Amino acid sequence: MLKRVLVLAASVLPLMGSPASLSSATDPVPAVVAPSPLRISPAFYKQSIIDIFGPSIDVEGRFEPEEREEGLMAVGARKVSVTDAGLELYDDIARGIAAQVVDEKRRTALIPCKPQSATAADDACARTFVTQTGRLVFRRPLTEQEIATKVKLAGEAATTLKDFYAGLGAILGDMLIAPDFLFRHRAIEPDPAKPGEYRLDGYSKAAQLAAFLWNSAPDDMLLTAAATGELHTADGLRRQVDRMASSPALESGVRSFFADMLGFADFETLAKDPMFFPAYTIKAKGQTQEQTLRTIVDHLIIRQGDYRDLFTTPRTFLTRSLAALYNVPLVELADNGQPDRWIPFTYPEDDPRAGILSQASFVALHSPSGRSSPTLRGKALRENILCQRVPPPPGDVQFNIVQDTSNPLYKTARQRLTAHSTSPACAGCHKITDPIGLSLENFDSSGAWRINENGAEIDTNAELNGVKFNGAAGLAKVIRNDAALTGCVTRRVYAFGVGAQPPRNDEWKAIEKKFADSKYNFPGLMRQVALSSMFFALPSTQETAK
Amino acid sequence: MVVRKRVNRSVAPLAAAVALFLAANPAKAETQGYVISWFATATYNLDFKGNCPEDRNGGQIAYRLRTLKQLGYADDVAKAIVQDEEHPLAKEANLKAETRAVVNGKPASIYNYPEAVPDPNLELSSGKYAYGFDLDGKTNPNDFEDPDTGLKVDNQLWRAVGCTESFTATPPDKPYYEDLTWNLMVDSAPGWSLRISGEDLSKDGPVKIVLDRITQHLDRNAAGGILHNMTYVIDPSPRSHNEFNGEIKDGVLWVKKGGNLYLEGEMPYHHEIALENTHMRITRQENQEIAGYWSGYLNWKNWVYMYTARPVNGEDTIGIYYALKKSADADPDPKTGQNRMISATWRMEAVPAYLADISGKIVATPASASQPLQKLADSSGE
Amino acid sequence: MKNVSMLARRRVLRGILGGGAVSFGLPLLDCLLNSNGTALANNAPIPLRLATWMWPFGLGDSDYRPKTAGKDYELPVQLASLKPFKERVNLFSGGEVFLDGMSNNTHFTGVQGLFTGKISNGAEYSGSLDTLIGDVIGKGTRFRSIEVSAGGDPRATWSARTGSGKSPAEVSPLKLYTRIFGPEFVDPNAASFTPDPEVMVRKSVLSAVTEDRQDLMKSLGAADRARMDTYFTSLRMLEQKLAIQLEKPAPLEACKKPDTPPQEKSTAISLLSEGMERHDLFAKLLAHALACGQTRVVNSAITTGTDGLRMEGETSNHHTYTHEEPVDPKLGYQVESARFQDRYMRALHDFIATMDSIQEGDRSMLDRMVIYAFTDHSAPRLHSLRNYPQLIIGSGGGRFKTGQHIPRQGDAATRVGLTLQVGMGVPVSAWGSGSNRVTSPISEVLA
């Protein structure tokens, strides 16, 4: 008995300290390093689960927060890990999914075999499940050792709990918190075509393509292409990329890219003062992101439109609640009491509200709760749309003039900002942000249209890079024709797919040119990036070792 | 963050609205759209003691105690029944009270046979003020004075109900049952629209008012009020279609001798509004909304049935039946001489809205529309 | 002992699993205990508890919302009774239940939205907040939850598991006493401990995850190795938490059998004073049930909302007053009706004080629980679904920052429910449906 207690105590011990044998951070850095593993995003997590187990599975739970770097969460993903508290969250989510997959309603459809007995272990059936499901979850086939371990554990759990499916559930829950699922690892192998050099292995390539184009896990065909080596050949890669680019799943990739680039994660914490903005209802707020994403999908995928025209297109989609916010009519002829429906809407010619910058997903997202902010809007436009950096304000900055909207001397935002930025310390940066932001002042903090602020008429004359223009319509035209616009989205697309900035080489220039030649066809750009040799390039040892 | 004080509870008298009617957005030959966002019997309660010096009607419990005593229950028993739902006599007493009408010598429902129950003789309002219009063109001792216009007005509905607790309310509160049912129904029952057309609504001159039912319920805004600038579709049924000629004078829109008004409503809220000899007075508020009074003669029996059809209708049903019957002031029955109609006033508010006909064509826009109607007609849903 | 290999460890666990539930004789390791030895160092075995407390008709028509937000707000007069606990209370004002075109069934729809997140036209009511939280914090206790109603109506209850109807409320303190502390009561401090086989399985399976770490680390740069190390450390922490769950939990020092409550004259009551007396008896029983680990979730309601309680010598009850009484134009509220609200807030004070009177180690039980107080309607006269007062009392063992007023005018009232779930460890990212669906908790109060 004493011996058993001792052994048991020992079984707890390795969990507590950090015995040297478990740490490898101090081991010498290898000569060739793999690109950083990317922690998968909540959107990717959910889409993968839907694609693997079907849309009836609820992915319920909070995720560890993402971090934005160089304008994208997708780039921040290479820096974040999973904290102690975060893993508990992932564990809760994983067990919730596993329970649903093996529950009585779904097991027939989702478990590829039937056990001899539902109340006992069945290694053969467990093996089938682990092998098939594990390949989709880990985005690669499991090794024989991995399979054997999992089958064994599933059997033990089934015996203890007298439930075969509970055993599978335990194993699935375990796979969903494994580093192989939570991180997209990019494994390297020697490149047979170039002796002495390395390349991403086929499965890592497949996973990168699926994450980029579909925001999801690779499907069976893609994994097969990885297994056969097809993805290492130019023709094979093209076949797969073409197949993926023409799949309806491309919409998921496009949506997740723009949600990331436009910073929609910030909607989680956005609120407006209902006394000032009664039309910004909870319904309208929930619909503003969808309005923009629908506009984007319609324009870029369905209409195969010019990316630049996203900023001037009069076409969008509205619900009655959003139409009330924007103060435009939207006729719904359905019966009373129906949920809000998305209805295509086209602004009249010359209406200043054309393009996605005039939508609440931009003008309301980048405004404080009680007033608009030309500075924040200008900054967001520079950083998110044009990839330009705006320095942060100095630590001792005085904001009292800007924030006091009741001062009779400074009725409009322009007047307040002018008073504030006469200080030379502020003027430099405000010159970068405010002129473009001021052109959007016809939109209040909630995204509603206005002509006056505190009784004074709003002046929306503005300037960008020496070009003078007026109002949101003027801004849309100037932005549309700004060279930085297309250069920015091209780089962001690459960074979204690879988790790093593109190199400035000839191949990159060729991609930019092809994008221009295609009249800025966005799915075409994604395809070009996916086919480029840079897409799977390995970072230099130095860069990763930093 | 500073929490702002809630909007002042009191509502400014409509006559004090400063701006000219719809002066904000001068335009030629325009049609402005609204939906009715607040509607209730017009009350004037600032001086309850003055209105009801005897103060003898009491509330629901008082009515009930009186009824139980009439039925022969001793004071202490009646009180015990009222206090305890599970009192051994409660069930029997309830049934007796509800069927105390006597028809052909048998007990019958008081709601079906109010005339077969004695008049509880409620105190009627004897105050000086009530909202309304001079409907009959005559001055008589029953006239009230309108607190906004100072004119002598007919409003016998107020005389009948002004001393009952349910109607002791001051805007923005509505009379109790109306407030409760409005609040319950506004999120689901189809609303009513109001259109105002004229050559130049920023100036005095003739205008046309069109009232209809709409096919959709109102939506609330983030602060609990009614959302502005929503688009609604007008119910094509002619049943609730009303057109009136009016005039903007000194910034106030008036309709005088406007004929009949009929708006179908929804149970248990006002299931219909039916007025003869319709009068209106509407002013614009600073926040683009409009507010005013509608007046006319209505069938008092219909009004009583509507009142008692609301949920948790009060013990005062029979008292109110007789109060209206006594106060009715128009359309005498040729046989009995009993007046069948009663002068009445409703208070209303409306918020700006886009209105479309059933084909989807926009026929009215908010005063604040960011584009004129012509341009918006170019915009397209589908 | 450090040399015991992972494989050996697994083999041992397997042996245990093969034998089914075994009583562990494993002594607590010193490093797992905090300095005074009253609780385990990582807080895991300190039970977290939830009480919900429902009162009818909100805080009146008048504007109860404090003028300022955050810590230094002035407690509104309607909540004056809670002054001694102000620092441990979070007041959320202005929340709304959205109807989305469905009808407002008074005294039902508001709570339906507030407590289940879903509005429906029918009488469907399931998946209440307390059960969602109970599923996480309340595993393995004798009672999944305990419901009481002070107003004598067993239907006055708002707890309903997903897919099943409302649990009936206990209306007799004596009966509740017998149910909890009668012959079936087992002293938790004397009981032998059987580890949960599900936890054993989870822990055993989890250990497999660490197996292939060397392969993963092999080709990574230093920064990425550090990231993966962080992940593996988190994994070990998770294993450790499971290991602790397999130990016998710390004794429940505060557990004591309460006094037997008196026999009541009749189950039905109509006087406010009787209802409040019963409320206080219930509060004591619930507090002891929580302290003795009999349940982790208790639900207390005064009435269903159609409140039939009245004052001594008066014929009108609270509900009648809310319907009939005019709003005092000067004060802005219904004066008679407000007397009931004041009394209910005193009862809430007593409920909180009862939870606070139980000492567990260096803290009171209130510090290790959360009381969620909510109501059916905000403005009684209108039976309104807007401007709800909602209260979270207690820090839940440091999970909530307290003492704040959080104004959220026009926001979905369900956000408080989501915040509560997130704070209590329920793995949810969203709660509610239609316009009542919320996807982010109120971060100001989450510690």
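Note that the chains are named A, B and C in the order they appear, and that numbering of residues resets to 1 at the start of each chain.
In this text, contacts are C-beta pairs under 8 Å (C-beta built on N, C-alpha and C of every residue); 3 or more make two chains touch, one makes a residue touch a chain.
Since this is a predicted model, take the numbers as computed values, not measurements.
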**Asked** Pick the pair with more C-beta contacts: A-C or A-B?
**Response** A-C
**Request:** Would you identify the chain whose C-alpha centroid lies closest to the centroid of all protein C-alpha atoms displayed?
**Result:** C
**Prompt:** If you average the Cα atoms of chain B and of chain C to get two centres, how far apart are those centres in Å?
**Reply:** 45
**Request:** Compute the distance, rounded to whole Å, between the mean C-alpha positions of chain A and chain C.
**Result:** 34
**Item:** Interchain centroid distance [CA atoms averaged], chain A/chain B, Å
**Value:** 53
**Request:** Hunt down the residues of chain B that sit against at least two other chains at once, touch-wise.
**Result:** 1, 188, 217, 221-223
**Prompt:** At which residue positions does chain A touch at least two other chains?
**Reply:** 273-275, 278, 281-282, 336-337
**Message:** Two or more other chains touching the same residue: where does that happen in chain C?
**Reply:** 96, 100-102, 409-410
**Fill in**
So, in the complex, the side of chain C touching chain A is made of residues 1-2, 4, 6, 8-9, 12-14, 16-18, 20, 24-27, 29, 31, 96, 98, 100-102, 197-198, 200-202, 204-206, 208-214, 216-241, 243, 408-412, 422, 427-430, 434-435, 437, 439-440, 443
**Asked** What does chain C use to touch chain B in their complex?
**Response** 63, 65-70, 93, 96, 99-104, 106, 268, 270, 308, 310, 314-316, 320, 323-327, 329, 332, 381-384, 386-387, 407, 409-410
**Asked** Any idea which chain A residues touch chain B in the complex?
**Response** 272-275, 277-282, 318, 320-321, 323-324, 327-333, 335-337, 343-349, 351, 369, 449
**Asked** Where on chain A is chain C touching in the complex?
**Response** 1, 5-16, 18-19, 22-25, 27, 29-30, 32-34, 36-37, 42, 59-63, 79-84, 86-89, 91-93, 96, 146, 149-150, 153, 156-157, 159-161, 166-167, 170-171, 173-174, 177-180, 182-183, 185, 187-188, 268-269, 271, 273-275, 278, 281-283, 286, 336-339, 541, 544-546
**Item:** Residue numbers on chain B that touch chain A, as the complex places them
**Value:** 1, 4, 188, 190, 215-217, 219-223, 225, 227-231, 233, 354, 356, 358, 360, 362, 365-366, 368-371, 375-376, 378-382
